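What follows is a pair of complexes built around chain A, which joins chain B in one and chain C in the other.
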Partner chain A sequence: MIRRLSRPLVIILGSLAIAQFFVPHQASRWVEARLLDWLVLLESAALVAGILALARRHAARISRGEGPERALAAVTLGAMAFMLATGLALGTGPGSAFGAIYLSVLQPIQASMMSLLGFFMASAVFRSFRLTSAPATILLVSALTVLLARVPLGEHLVPRISMFSTWIIRGPNVAATRGLWIGIGLAACATGFRVILGIQGPTGAKRS
Partner chain B sequence: MRLDYLALLASLTRIDRRILYLLVALAIVIPLLAASGTRVTPAAESEGFFRAVQRVSEGQTVLLAADYNGATAFELEPMVTTLVQEVFSRGARLVLVCLDPQGIGLVEAKVQMLADAAGKTYGTDWVFLGYRPSAPGVIMSLASAPYTVFPRDHRGTSLRALPLAAGLSGHSDYQLVAVVASGPAAQDWVIYGHARYRAPIVIGLGGGLGPTFQGFLDTHAIAGLIAGLRGAAEYEQLTGRPGEALRALSAQAMAHLLLIALIILGNAAFFAAKWRDRPPV
Partner chain C sequence: MGATLACLLLLTSLAFAQVPSASPVPLIASDDSALSTPAESLLAARPDSSGPQAIDSLVVLDSPNDAGGSLDLYWTLSSDDGIESGAFAGYEVLRSASPDGPFAPMVVLGPGTDRFRDRFATVGNRFYYMIRTRSLGGSASDSRIIGPVASRGQWFDTRRVSVLVGLLVVLLMLLATKRLPVDQEWMLPAVRTLSEILGRTHRGSLVFVPGTGGLGDMGTIASVTLLEEITRMPGSEGETADVVVCTSDPLAHVLVVNALPDQDVRYVSPDRPTFSLAFTGEALRSPPALGVVAGALGAEAFLLSEALRRSGAIAVGGTTDVGETPFLVASCDLTLIGEELLLAGPLLSPGGCRAAALVHDRLKVLAWVLILVGVAAAKLGVTWYLRAFSGGGD
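Presenting the complex of A and B:
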């Protein structure tokens, strides 16, 4: 029954969502507000579903897994439960225990993970960024130019380096990015129409 | 003798990665410890960002979407700091929203500190709406019906009870929409917000995303753009508020110079090894 209803629902709601961009009527605004409400509600529900799925997956790992896998799953679930309990019991505002744990534990962990990228990048550019072909040479010269222009010393070392860097960013880069955006936009429109017309399911599966 | 140099250069291809890691650490730590500030030449897009904020005057409202987390705070937080200081110093009011659930605590703590330093009152001079899922839905709802998507602020107070938020009606409330984001939320603000808000949009991004948004400047979808630590430093310099970004830029510049040297050295070692191992003629 739900499966049978889903196709007309998608067609009606999808058409309404598109129509409100072109119909500046009060009724259209009302429909738009309701659709947006539902969008936020559905994504909130998806967030809860995601958390539950994560908890279920890690609970299964604890019951079936071995060694480090079991320990890591336990740490994940324990941390989730602890933060949930702290937030619910003591609040989440500035100065709360939840906020203090976030600022002194999670934030430094995230920053450390990000900063590790710099070390791996240095190793990667030394070992892999090689002049092995014409495209690789273009990429390497562009990267060197943009990198040098971003350094305050760059202009002193190579006069007018900023001019070349700006040209690379505003010229070829913008052209390629626009091409990508146009491609993404057209593909999104095509997929949207296929879903609305019932040719394709929202998950990408072709309907029989 | 020449061959010895070649062998030495070729041997660099087998250099221990820990030496490279040590070089990176030194390139970053030494300039930070030296605390040497630096000066930069602001790019046109940074000046656009600066001018858009300068046009905000006393009593007007700025919508700030601060969508970043601990991983990207090092380059985005200096942007928020300077922007909020500028907004408060101009006597403007601030409506703050966060579309990254991992950044809520970080953003609120930072703006609270800046507001306290500027002597601004919560509810009258600034308000934090908090987080809601679905960036496109929130962006569009905020422009048409803010009370529907945010009936209460992040602290649980009814929005209608706060003097600043009581008069909000949607897209025409703001003189400027400023987005400081590390992820795809910035794209959502341009795509869904550009046509809906009757205010210029300015964007602050992580350095890696900057080039992707250059096209939006040419089409005037955004009024200004600051990208990465360099963009943050340019904005600090334009506002005359030297801060964390200008201080950290010398470390980043040194790391960039090291990367350039490693690229050149890596290629030299690669070709030296190739020359050394060439088949005899």
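Presenting the complex of A and C:
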């Protein structure tokens, strides 16, 4: 029944979302606001479903798993339960224990993870910039030009390198980016219609 | 037929684009001329006969293409404006809910200004306007009172006619896909490579991340569509199930669970750094043979693809975010760039879906033609063509 209803719902709500772009009237804004309200409600329900799925998976790991898998699952579930209890018992406002744990534990962990980006970038650049083919050579020369132009030493070593760097960024780079955007825009438009019309999409669309 | 209709629609679009975007709303002008109605306490200077020349034409129009709540005022410059530099102070816009006042000053505009947009003209209310010309010496002259005028919302944004026509063209071409021959040879190189990789991979060792963005991003939709096709394609041993899917967005998680109830769908975390952390740990502890990270991605794209690489897996990336593309290209064995990701699902599917993907090529040809005509129009100074494609961005 729900699957049967989903198709007309997708068509109606999808069409409303498209129409909203062309109708500036307040009625259109009202519909948009209601749709966003529903989205928030759906997202809240989906978050609960996600958390339950997470808890179920880790509980299964604890009952079936061995060694580090079991320990990691126990830590995850324990942390979830602890944060839930702290938030419910002591509140989540500024200066609360919940906020303090978030700021002093989770944020440093996240920052550490994101700091890996720099190291990963260096190793990826080292791998990518190898003279294996003509495109790779162009990539290497372009990247080195832009890199050198960004440091004072670059201008000292190669006079007027910043001019070439600017040309690369404002010329070929912008042209390629715009080309990508045109392709993405057209494909996104067609993808949206395919989903709304049920030609294809992740909502139980009909198959040819 | 589709192409003919497309051309007709485009011509209609261009014709519409020549129509002035502002649709004047009939106004009722007051019969009172040179009526002086100062607000009791707000106006420092009173109009007097020695003031600068009052403006003789004031027009108030409903602002076009908005939800209401805004009125546009236009006037001709006072004859004293600019003649004696320094003596003319500017124009004061005054508004009242009644022709008898009191008129409250809204803003003082400098010399040379001949328009003002009142963004506080609440829908449902009627207003009266007056422009007071001021000199530096403090003298002032009032224009006629114009009103009542009311703002109202419009039901169609005329600046977006070209966008509407573009959408209709895409829609018509999609609906006409049944007539398209499904050319089995036509395939994007990146999608063909992905198809070959998938054919050599055992599904039980495939990890898929449908991006970390929400369902509002087309990359997520395209990614889940691609995932559906992957689960239908037979693996190296003919199997079609057992793809491990790691999700970040709650709605995307529910969508994948519903679309693919037989798969191992794992909700990890809505927080992107936390998701990256958990995914990296999983990938390093249980290395997959193939990892696909495709969809709406942010800075974590690089972390996820590098984690796959370090685990020894074949890393396939895909994003519609142009900014993240270089990172995926640098770290992945294969990258689906922009439209390749959006078309990968349809191209890997049989029949009508695949034909629908072929429409993209025709759309690109059409886009190229429009761009070339646009370049010619810009060179020749044909501005109406360029305005037609401005899209009415705010």
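Definition applied: the second predicted complex is superposed on the first by the 180 of 208 C-alpha atoms of A that agree within 3 Å, B and C clash if a C-alpha of one lies under 4 Å from a C-alpha of the other, contacts with A are read in each partner's own complex, and residues count from 1 in each chain.
The criterion applied here is as follows: a residue touches a chain if its C-beta (ideal position, glycine included) is under 8 Å from a C-beta of that chain, and two chains touch if they have at least 3 such contacts.
As the structure is a computational prediction, the values presented were derived from the model and not from experiment.
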First, second, both or neither for A:159, with chain B first and chain C second: neither
Which of chain B and chain C A:25 touches, first, second, both or neither: second
Touched partner set for A:54, first chain B, second chain C, both or neither: second
Which superposed partner A:37 touches (first chain B, second chain C, both, neither): first
Touched partner set for A:169, first chain B, second chain C, both or neither: first
First (chain B), second (chain C), both or neither touched by A:195: second
Which superposed partner A:135 touches (first chain B, second chain C, both, neither): neither
Partner chain in contact with A:46 - chain B first, chain C second, else both or neither: both
Which superposed partner A:67 touches (first chain B, second chain C, both, neither): neither
Chain A positions touched by chain B in one structure and by chain C in the second: 29, 42-43, 46-47, 106, 109-111, 113-114, 121, 123, 125, 127, 177, 181
Chain A to chain B touching residues, read off their complex: 29, 32-33, 36-37, 39-40, 42-44, 46-47, 92-94, 98-99, 102-103, 106-111, 113-114, 118-119, 121-123, 125-127, 129-131, 140, 143-144, 147-148, 150-153, 155, 162, 166, 169-170, 173-174, 177-178, 181
Sites on chain B touched by chain A in the complex: 13, 15, 17, 20-21, 23-25, 28, 38-41, 43, 69-74, 102, 104-106, 108-109, 112, 132-134, 136-138, 140-141, 144-145, 148-149, 155, 211-212, 214-215, 218, 228, 230, 249-250, 253, 255-260, 262-263, 265-267, 270-271
Residues of chain A that touch chain C when the two form their complex: 18, 21-29, 42-43, 46-47, 49-51, 53-54, 57, 68-69, 72, 106, 109-111, 113-114, 116-117, 120-121, 123-125, 127-128, 177, 180-184, 186-195, 197, 199-204, 207-208
Residues of chain C touching chain A in the complex: 65-68, 123, 153-157, 160, 163-164, 166-167, 170-171, 174-175, 177, 214, 218, 221-222, 224-225, 227-228, 247, 250-251, 253-259, 265-271, 273-274, 276-277, 280-281, 285, 299, 302-303, 306, 320, 322, 325, 327, 329-331, 337-339, 342-343, 345-346, 349-353, 356-357, 359-360, 363-364, 367, 371
